[in-house]
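Below you will find the structure I want to go over with you.
Order of writing sets the chain letters: A, B, C and D. Residues in each chain are counted from 1.
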């Protein structure tokens, strides 16, 4: 995929850095390409549910950000990004220690984009990985609204 | 709706208290009835995205918990609750100051339950409220698994 | 809810009449109000799956139409309606003999509307009804496209 | 993927043949592998909506069947298959002339399977194809119920 904005990578990193929720949860950027963003999240006891797994909402948060920013890379400079809706399927308990969340644009539209995401968990140094969740997100390109900008 | 477990309220509160993620995000219990759970979340800068709204994932986290626990109230004692999947539609930016997340069981099945959730924002003392998100969650009753218990 | 188009009812009936799929499946209009449309579908052996229930896709088709037209009633004259996505939960087998599909607008936006739908089955003359499916649909208002008009 | 049932292919074809809805809509089987089923649907004026495109519900019906049968191939002999829920994103108008619907199992569980589907349209003899819809379906393996069998 090709972005209409040569500066899409820096623009995406700058917007990500403005999300306090990402810092609070410890989500970091692994890679930003045109139409594909990968985020990482380390297992953290503060973000677990009653069985000691990462709360489904935390997986959803990281996946939603990966999906939203994947769409954002293909938007024109100055546009804002909003998630209209997403669906997540939780396939396995998120036990950690590391979670990688990847969002890939399936369709980039002028107003509406559809992005598919996958969350894998793995151990550092291991080549094994386990799919723990999949997401489909519908993302809107917003222009001309002062409260929704990059 | 009627719970098969006379002690469902305390059982639900106990399980909720074991979720570190709820404390981390500041989610609290407003009410627990058979088939209906209401949680509350105060706007908090640490949980916002780049436009200053509550991150969609935070709204999803609170709504998922409300939906999961609504199903949990109708489960037999000793059962565990797992979210299989959910879909969330984000209808308006979550500006705060307060968010109320309500989960109501639409269908309680032996294995699979379907729960609908709504998130409203409002100001203390005001009678106005605004619908910011809706969710449909598919929840599983888990028995006989040591790693998934109330 | 109030439609910006005084003629919304006739406009909706006219559009529905132009859908060959509705005639093929035997879907009929029960009522059209601003923000709410009810369609009906009789059980028909030609539309069943291997267990003799109405195929999930048939329930989805009628519910999607009810949801899309519910949003359509609130659109300005001349606009076209497109379903961006929907999710359906199937709560009980659709055994018939009659299925009523109701779509109600949850949020009417300028570009994006969210509509919730419910499908009930019942027998003629009986006051009992059973919820067999729920839907949430995201609907787009389309203007300025010659191939997508009322 | 490997099926626990050596006879999965014939079992799937037999079940498909028992779905009157598939014959009514003109859906045919292109291929059946363990964990993957491809169905085909020709554009047909009787199944269109008001703009002349295939009705979204028809695309959903064929995709749901492809997803359900993909899960079915991995079930033990004697099990029944039920769709619990699905979500579909409609990416482009289904203009035809041919639609190919592919369901691939993402996770095969003992009780719950998750299947992802894609619908492509193309012209006979052309190597071009266009993605018109994607689906994620949650499918249940049903045993011990007389009304839900292969």
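In this section, contacts are C-beta pairs under 8 Å (C-beta built on N, C-alpha and C of every residue); 3 or more make two chains touch, one makes a residue touch a chain.
These figures come from a predicted structure and were not determined experimentally.
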Chains in simultaneous contact with chain A and chain C: B, D
Between A-D and C-D, the pair with more C-beta contacts: C-D
Rotation in the CA alignment of chain B with chain C, degrees, nearest 5: 180
Chain A-chain D separation of Cα centroids, rounded to whole Å: 29
Between chain B and chain D, centroid-to-centroid distance (C-alpha), Å: 33
Cα-centroid distance, chain C relative to chain D, in whole angstrom: 22
Per-residue multi-chain contacts in chain B, two or more chains: 84-85, 87, 89, 114, 136, 138
Sites on chain B touched by chain D in the complex: 84-85, 87, 111-112, 114, 136, 138, 140
In the complex, chain D residues that touch chain C: 15-16, 18-21, 23-24, 45-52, 55-58, 60-62, 64-65, 80, 82-90, 93, 147-150
Complex contacts: residues of chain A adjacent to chain D: 87, 89, 91-92, 106-107, 114, 116, 131, 134, 136, 138
